[in-house]
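Multiple structures are listed underneath, in structure tokens.
Next come two complexes, and both contain chain A; in the first it sits with chain B, in the second with chain C.
The block that comes next holds the complex of A and B.
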């Protein structure tokens, strides 16, 4: 492995100062993406600046809205006693990340900042319309997650910024959600995945949020499908239409995990299956 | 430049001087000659390098050495009892034929240890889930699952 220096700053300011001072340095959170990329020679940083010793970055606070520190591990999302009720979709997605060993160190911030089109937490947080709080030496700013992902591996963060927190608003009681992920085996990155959230009023869908993973350069909201569903009584015929629209509105590639055609197919089927699961129509 | 890390390893306080790019598995195998922990893929996929840090199973091949300061690490060497007797968990793996080449075994056992410490009566589903990140090329997993069930039973009888 190529050599690099390793720093453990004790505050955000110290981390940001170090980043400014050391050319070609990177922030490291749990390292489950970064250490693999360095080992594979994709990245050759001169130094890693660890965010693990910075206080307050790894706490979850639920107080009306939900604040999740960027350094919260995937395991801590799963075991938080309140999150399951307040943001079930995020917990469902967290359960599908990697293996126990990966979940024990992988962080929510790393999942977002790595900007992989298959990132499971990114998908659920998109659907939950999360906001990202970003800090630099010159101040703080909040960015809706939909503006966060720019291209594979590239977020809207500039090199001198740290993602510190994620904010979500709790969902209303008539909201239901599902997270569906297709991997080759249980522990695998998604071949394709779908996160779906519906707010229902009787038969009528008041609000629909749909996102798909591994089918575009970034985790993708399927807004056409959302518009199709909102304000409508949800029927199996409408679900068929949503299936077709989902397949058509994504732009997947073929790679070792699956072909373009297969990914389109899965996303369509998962949108329909998600609707069926939420509405209790039995298996599709 | 080397920096000093102080941590608890299998219950004993140790100090090691490491470089920035070294990983926990390098500390264990190279610096401390504890070769029970294996390196398979080096990228978080196979689980051969699994150890327990502060109660949780982690891949030591992805864990930066400098992060280990102040933490408590358990490796396969820390499991055996007095006079090098095998622990209940290790004995169950031997008795059930859950070991063939043995390369995956230390990692498997540490993943199971983390499971049973937090959940002494796991269902088969929970056992399979806990072992998602541990690959075995030899056994076909069936004997491993049997061994975990037997170990859980024996540990409950003892407690």
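The block that comes next holds the complex of A and C.
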């Protein structure tokens, strides 16, 4: 492992200044993605700039809308008493991230900025239609998460920007969600995953949000499936249709974790099962 | 039945607290003054000629103390067939071949230096499967054998063959027969503690090697040979085994990295350590061989097995380790699991440019049993017989001699089958389908050592000090399996002291007597028997001295007792008569007269006795040694005949699964394992062995596989090489230990270290078939494979 310098700035400005000054430097949050890449020789940064000591980056605020600091750990998401009610989907996804040791250091910001198609939090935040607040020396900007992911490992951030917060609007009381993840073993990166959120009015689906992981270069919203469901009375027949559509609308690859064919299968099955689970149909 | 004081009781592991508290010293923790760090440059080509190695840049890096290649070091040939070299000179034959190495003052510098070594290769097309390797005109992986004779094919020159009865006649008498081909993947032992060693020469040019080994004495022999190759004739290696974080077979041979460390230490004059990272362990250490096994077996109309034909093809990789002798164990189930009169067994090992392989727990048995017990269920289906009934009908029996010449002393196969059938509720659940199913599989394994070397012995020394402590010097290796707990219990029981008074010394060829190695489930059996012999000698010595010393000492005790208890009237004891050799006993660390009156002063504390023996004119200190060599035979493997072990163990596992037909996932609902153990010595240790083995067996069945592409391992890390964690073991496990005391076993016990993982995979495969009618013959049973087969079934 190449040696690198390590900085612990005390403010956002200081962090951004350092980043500008030191070529080939990287921000580090929990390091659970970054250190793996450095040890594996994929990245050889000259310096790491830790975001750990910057005030306010690791807090959760809920008043009307929800603000989650980028440095909030996955464990803190799970144990926040209000988040469980206001954004259950995020907490459900958080529970499926890694092991307790990983969750204790891994951050929300890291999960998003690493831009992996399998990122569990990214998936649920996509479905929750979160906004990302991005800060640079020249100012602040809010980006819908849908526009955040560009390609594997690449977000819309430029090197001189920091993700500071995530904003989520609270969901209405007739909203239900599920997070389903298939790993080779229980503790694993997703072979395929689905986050699903429905806002129901009696039998009728008013709003549907569906996203799938590990089936495209980036965490993917399945908008076709959403359109299929919205405004409809949900039935097992429609769920079958949604299953097929989900399988067909993704673009997975075959790799060491799973085959293309298998990933399509799982995404379809999970969309169907997610619907069944939310609507209390039992196993279909 | 004998009443035991400690055997069979719950005792705590002597090595437990230090390990739990992080105080135990693994190779990772060890440092020697002035120690350097070594690092190896691996080829990264599976088959190529080395044209040139440029080490000049690496040599110039500050902190680098030596850069070695085959060009500037003596040639060291290694391996079971001596077809491997510590450093490769002309050719690389596998992706992980060692072409150079560095010693530097810290690991980062060593790593940087290795990166700076430039090697020019002329790449050749490689061979990556046994089938390719066997084709006419296939390139030769080795053009010559170790004696320089030209080779003409890629077949490894070791023969394993067995024929008994009349296969043709057996076949003709069969009413039903089933043929199948089954395969198993490369899997990694996945030790928690990665591989590593420290080599240090003294000024007399003798070597001390701290090594992660299971065979310290065979390793000593190998290393001494290397010293002589290095021009150090008649020099010696002392092998010291630090605390091991698991071995699972990885320590059953000496390794290239060890020889390279030795070369670096000799070149620099400093102690040198090489420690593998997790990725190096995965990519550059030898895994379990992959295999293809073809089985044809048949039964008559009543379900009696009448013949069995087994053909094994093993991908040996580029070089040959001890692990190549897997078929020596494969022969056991092939010839001796159930009664089969006409048997044919043949194993072929083939060189390829894949990673070379070595031993792993079970040593060929999980592979063969996977094939055999899957095929047996298929035969039951074909014959329309319940697969449990088929097994029971062909059950081995105590007292029989099998076609391979195995003498079955005790046999608990029938009991284990019955246990599983009851506990898994076979009659209620078998063939009830609907995505849930039950399956079972049985096993035979060695349980009384395994003579695969000219000696299968194990020595022990018991040394007493002035305080009644017993120091144990034994060549067996504690690698997490609980050998030290068993040794402690055995010594305490056999000698008559308390377990707290027993101290097990580190395994060290400089202090411990010879032992062939901790493998083949032999540790407990050997250590136990050696202990019994040595303890008996020590007790005899004590009793001989006691005839004279005991009366004198207890009379002193009596005086003191009287002072404290005025008016006390001691019973009349005629010490001339009572203090006779055969009348003494030691219990809980006190010497006493058997069946004597229960007077406290008659119990002589062992320490006091020993001091009395020591501190007198012509005093004595007591030790005893024993060398136990079991009554077994080195089989003739080309004929496939010989009683390899003093005794054998049988067992059966049953499992209930649920298959998700849309995702292909297999969920284990519960598992029951009935194993024959002779006698439970240490209940917690035994459970630990079986639980751990089951997890490994489940990994083998469902998850584990080293994937390769042209000889390169694609998943050299736990991110992509999946082993079960506690979350995969979230179902009830019911263990049943069948105790039938064996005449050869210490306290009746047999070895049970490996059997727990042997039948797990076929039991699961059989349960999957019962659940959804899909037969997977290729491990691991991934959801993809199950789903693909389910789709085929649907289309039919």
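Operating definition for what follows: the second predicted complex is superposed on the first by the 284 of 284 C-alpha atoms of A that agree within 3 Å, B and C clash if a C-alpha of one lies under 4 Å from a C-alpha of the other, contacts with A are read in each partner's own complex, and residues count from 1 in each chain.
Just so it is clear, a contact is a pair of C-beta atoms (placed from the backbone, for glycine too) under 8 Å apart; a residue touches a chain by one contact, two chains touch by 3 or more.
Since the structure is predicted, the reported quantities are computational estimates derived from the model, not experimental observations.
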- Query: Should A:35 be classified as contacting the first partner (chain B), the second (chain C), both, or neither?
  - Reply: first
- Message: Looking at A:262 after the superposition, I want to know if it touches chain B, chain C, both of them or none. Which is it: first, second, both, neither?
- Response: second
- Message: Which partner chains sit in contact with A:281 here, chain B, chain C, both or neither? Use first/second/both/neither.
- Response: neither
- Query: Which partner does A:187 contact after superposing on A: first (chain B), second (chain C), both, neither?
  - Reply: both
- Task: See if chain A has more residues touched by chain B or by chain C, and give me that chain.
- Result: B
- Who does A:167 touch here: chain B (first), chain C (second), both, or neither? neither
- Item | Which superposed partner A:5 touches (first chain B, second chain C, both, neither) | first
- Message: Just to be sure I follow: which residues of chain A are touched by chain B in one complex and then by chain C in the other one?
- Response: 1, 3, 36, 40, 186-187
- Item | For the chain A and chain B complex, residues of the former touching the latter | 1-6, 8, 28, 31-32, 35-36, 39-40, 47-48, 50, 52, 75, 98-102, 104-105, 186-187
- Task: Using the touch definition up top, name the residues of chain A that touch chain C in the complex.
- Result: 1, 3, 36, 40, 182, 184-189, 256-259, 261-262, 265-266, 269
- Query: Of all residues in chain B, which touch chain A in the complex?
  - Reply: 1, 3, 19-21, 23, 42-44, 47, 50, 56-59, 61-64, 66-67, 111, 114, 129-130, 132-134
- Task: Write out the stretch or stretches of chain C touching chain A in their complex.
- Result: 108, 111, 279, 662-665, 703, 707, 714-715, 719-720, 722-725, 727-728, 782-784, 787
